[in-house]
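Have a look at the structure below, then the notes.
As written, the chains take the letters A, B, C and D, and residue 1 is the first residue of each chain.
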Amino acid sequence: MIISTKKGTPQVELDRIVDNFEKMGLSVTIIRGTDYNVFGLVGDTTKIAEKDVLANPWVENVTRVSAPYKRANRLFHPQDTVIDVRGIKIGGNNPIVVMAGPCSIEGEEHTLKLARAVKEGGATFLRGGAYKPRTSPYSFQGLGTEGILDMVKARTETGMPIVSELMDEVHIPEFEAYVDIVQIGARNMQNFQLLKAVGKMHKPVLLKRGLANTIEEWIMSAEYIMAGGNEQAILCERGIRTFETATRNTLDLSAIPVVKEKTHLPIIIDPSHATGNFKYVETMALAAVAAGADGLEVEVHDNPQCAWSDGAQCLKPDKFAEMMEKCRKVAAAVGREM
Amino acid sequence: MIISTKKGTPQVELDRIVDNFEKMGLSVTIIRGTDYNVFGLVGDTTKIAEKDVLANPWVENVTRVSAPYKRANRLFHPQDTVIDVRGIKIGGNNPIVVMAGPCSIEGEEHTLKLARAVKEGGATFLRGGAYKPRTSPYSFQGLGTEGILDMVKARTETGMPIVSELMDEVHIPEFEAYVDIVQIGARNMQNFQLLKAVGKMHKPVLLKRGLANTIEEWIMSAEYIMAGGNEQAILCERGIRTFETATRNTLDLSAIPVVKEKTHLPIIIDPSHATGNFKYVETMALAAVAAGADGLEVEVHDNPQCAWSDGAQCLKPDKFAEMMEKCRKVAAAVGREM
Amino acid sequence: MIISTKKGTPQVELDRIVDNFEKMGLSVTIIRGTDYNVFGLVGDTTKIAEKDVLANPWVENVTRVSAPYKRANRLFHPQDTVIDVRGIKIGGNNPIVVMAGPCSIEGEEHTLKLARAVKEGGATFLRGGAYKPRTSPYSFQGLGTEGILDMVKARTETGMPIVSELMDEVHIPEFEAYVDIVQIGARNMQNFQLLKAVGKMHKPVLLKRGLANTIEEWIMSAEYIMAGGNEQAILCERGIRTFETATRNTLDLSAIPVVKEKTHLPIIIDPSHATGNFKYVETMALAAVAAGADGLEVEVHDNPQCAWSDGAQCLKPDKFAEMMEKCRKVAAAVGREM
Amino acid sequence: MIISTKKGTPQVELDRIVDNFEKMGLSVTIIRGTDYNVFGLVGDTTKIAEKDVLANPWVENVTRVSAPYKRANRLFHPQDTVIDVRGIKIGGNNPIVVMAGPCSIEGEEHTLKLARAVKEGGATFLRGGAYKPRTSPYSFQGLGTEGILDMVKARTETGMPIVSELMDEVHIPEFEAYVDIVQIGARNMQNFQLLKAVGKMHKPVLLKRGLANTIEEWIMSAEYIMAGGNEQAILCERGIRTFETATRNTLDLSAIPVVKEKTHLPIIIDPSHATGNFKYVETMALAAVAAGADGLEVEVHDNPQCAWSDGAQCLKPDKFAEMMEKCRKVAAAVGREM
């Protein structure tokens, strides 16, 4: 960590700063400039918050040199994390996984029908929402436990593990019992209570990136989960908020190489929520595969116009199968199976 | 709600759209253009989500004419909501309230000392964090119940009602018993589970605006609380994320006239979190008063360099008293008491 | 265009609105709602600015149904525009073009050396900056005419057409004489004077997207060029400004399918400026090809550490050749030559 | 400037870095850490671009400690710059100036009528656009020279100096001859050619902040003007682009204390373009005065519904006079004349 102080900072204040950090076990070097003095701190600075250092009115500027995360940091864990879900491996150089299914679960029969369809198209996981985060209190809020049980039946029949969103720690026992991958939604990426709670779970967590969050903040949220003891964090990019309105959000595919450089965690791409428009999903899925994604999460519905939520971004099963066909070719071109 | 369909949409699809909406009890008018057809829906459209309508591939565009909120809407509730907290009134043309205190509660004595200091400076409420949302799992997470009880003691002595942040519904009984205004933090603005839970509380809720949320989304989150039965929602603007780095966030003071036009709820301004820098707090507090804020929330600490969190944005008690003095003059200039 | 008026708008005001638009040759339909009245305008609305309509205090809301652009609009020009530059075709289903070279031109010999290197790697155009937009007045501002002439020599030797940025209409005669594709930089995307001026040129214009501009605004800037008579507009996505700091900008690859849907113009992707980091360039180039880009613009330098500008994002010639090799495989996988 | 290098950087590369900077006349200190080495550069670093240093693949991170601007820097010029325009002083503790008038000039008589009206309301300058930057090539582009001459006549009659936007260096002689303050629009804030050109003018330049630019970038654009020899730069905040749609842009009033801390230049606030809505202009003008603005720029029109551009944000003359009345009270409350 590098700290610069203002012109004219009295020696006694400089000494106090050095003292403070040395007491924390850090070693401190000073560079004296004409207009500024600069301190370099060497040691474990993950416990120091930049803004707390800025509380000193003599401090001008604070820069973190090493990343504020440890468990997620590739520097201390060079090999890729591979997560095994009922025998399917996610991450490393394993085949690209595909989580597909409806936005909202809409009943047993419908879930089964879609599960079969996406499996036939090549999906490896069934995704579906039983608890739905909706911006309006007047919108459909999900089938709840009933929806989870519908997915369990589909798993029994198709063998595909299931992915569903957790919104409330109250439902952790239910998810621990039934769900294979616990999804944390973009709007809960910094719901630190929920992160702590899933950090104590024994299931992999698919952590969606917040709509206006940096990659570092996202990794820090993964660090919360890992610090609780659950090392099975998977990152999921689903588009960030920008000024663009032609797409619902802007899919940040450069997050793939950045995440792979900074961390050892797998990264999944969700082109459905990112674009919000079925017309753009296939194109972005192809791009994600070319860019090295470890998996895709795609919404599929047999009758999007009547979907209980987010129909505009759903592919029909035949279009999904077509997309998969094309993705496999791109995967092969970049030396990856799918 | 206005819906436009693509060029060449078959008549049977147009008929189906009309049918669907008429079944929902809406009346539908069509405008036929050369390149587009446009449908106007008249009736209660708050239950319809724009993106669900877009699921129809023949639909080009959806525009909401009336706001998606009802309880918070000034159109249906023209008079200002005034919230009474132990005799102090917030909103309407009542005197501007000031919530002041440390970012984190740091023990009984310290809390008492600061409570006396801010009261002397003119504060009407004591604010303090006992449960702290921190981006790093390695940072101090708050004193918890102990911190709440420290605030209760300070209330007993000074008479000032207390404001504190709730992060988890598990603590609702504690907040219901001890806290006067329940704060929901910016990062939880779209934690819909928590919004539903505080919607059942009997205490006023101070809802902070999310860092990258629009005013409409913010009002929709207030609507969640109100739809649960708790009409005592107070909005708090605390800066939004922009590309600017000289301030931590960008304080959006134009939210004041917009909120007052669209809703009947009180609006409070937090210049401390918005700027992240004690040097800019007074200036922005003055601007907020001039712009018609119903209150301020300001962080105060006797020794900011040693504050357990966010010291960089804390005013010392004497600076707080100075700020209050200047604010009272500006309040008088715009015809408001403080 | 759809216009909604406020509750309680007097009949005389409604009549006046209808009158105004009818005088402009538009036909007007009214939908009467409980809380609002809505007007639908049918006819050519490209001349009407939304914000001018909002000047009427009785107007609540204005929505544009048809796009505000005509010449660039795919609706009126369904087939792809293909631009021929010295026999190389850009757009349509033609082979993907690659514009490569240094950020700044650094002298005759160096330019020749790099031109040969990128040609060998598979580039079809030589790019290089002779006039440089720099945020600091104290930074190197480009070699000017000398740099343009260096590129001309490299074209003579290698046969590759040249692409260079124009910053000032004063240099139009020089560019008309020597340069094959005239680049307009991101910071000049809404320099309307310059757009009008290149609209009178006889050379193709590569229009970079502004850092915080929507796709619609970008297309409107292309419309400026086309309205001047120069139909040879090429769009270039080079990253937009977001809160992310791990990359210089965020490459918006979803712009590719959106641009191809809304317009008939070719679209080129610049992964170098978007990421600002040589480590991420190849990955994003592969993704761009998978997503259907008509071309790439890539910065290449033999000694990036000593480049006169933007070395951090330059590939060395051997890495460029490797990238091209991989791109060709992805292109083949999506049915395109390169 | 602080530079950190990666773990495992070879000694020969570290030596090369030190060498390079020492040759530029800088003195270099090294701090050796476990995972990183850090270099501190002392001396004039304004000529070094951060991204050029990042071109070295061994470099991890670059931080600028001192600001990249000199002439605009308060550190080297502690007293406020005061600009004298025909006897009216802008900046320092001088009375707050008010630039008012129509968005577009609409002919001689209309200009005179509005000039008289705003003068009566208390304006000190007449603003008006003769050359208009419009997003659509099909919109009205301004009266040009005729509009400038209409303003000159209004100045002759009322004595108010005139402010108008320059879009093209071709018109510099005209502006040098007739206009008192040369405005550079937000979209041209990084049109470096134009900045260089006005840097050679002898008239004060009102530099609007770009829609998505940081305060530092804005000051760097002022530095361009000052580096050319024209020290009369005035900064004008007019709203930045955010996700909010209830206002056209978000007025960043915290720019006032930041600009006053970092530079010695005057700062003017334009609440009309920022909000885009006449209903919010007065409130934001009051807030700007409370926050210490050196002036306001406000659009006024006698018949906003028929204004040739931007009518939605225009105040009528009587509302303008009311606003001025209220602003004077707030100015007095913060110890400033108006």
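The criterion applied here is as follows: a residue touches a chain if its C-beta (ideal position, glycine included) is under 8 Å from a C-beta of that chain, and two chains touch if they have at least 3 such contacts.
Just so you know, these numbers come straight off a predicted model, no measurement behind them.
Asker: By mean C-alpha position, what chain is farthest away from subunit C?
Answerer: B
Asker: Looking only at C-beta pairs that count as contacts, which pair of chains has more of them, C-D or A-D?
Answerer: Counting C-beta pairs in contact, C-D comes out ahead.
Asker: Taking the mean of the CA coordinates per chain, how far is subunit B from subunit D in Å?
Answerer: Those two chain centres are 31 Å apart.
Asker: Whole-Å distance, subunit A centre to subunit D centre, using C-alpha means?
Answerer: 39
Asker: Nearest whole angstrom, what separates the Cα centre of subunit C from the Cα centre of subunit D?
Answerer: 27
Asker: Mark out which residues of subunit D touch at least two other chains, giving numbers and ranges.
Answerer: 212, 241, 243
Asker: Okay, in this complex, where on subunit A does subunit B touch?
Answerer: 46-47, 49, 51-52, 54-57, 68, 133-139, 167-170, 187-188, 190-196, 211-212, 217, 220, 223-224, 227-228, 241, 248, 276-278, 304-307, 309-314
Asker: Which residues of subunit A touch subunit D in their complex?
Answerer: Those residues of subunit A that touch subunit D are 2, 4, 7, 29, 31-36, 38, 40, 42-43, 60-61, 63, 65-66, 75, 212, 241, 243.
Asker: Show me the residue ranges of subunit B that touch subunit D in the complex, using the header's touch definition.
Answerer: 212-216, 240, 242-247, 250-258, 261-262, 274-275, 279-280, 283-284, 286-292, 326, 329-330, 332-334
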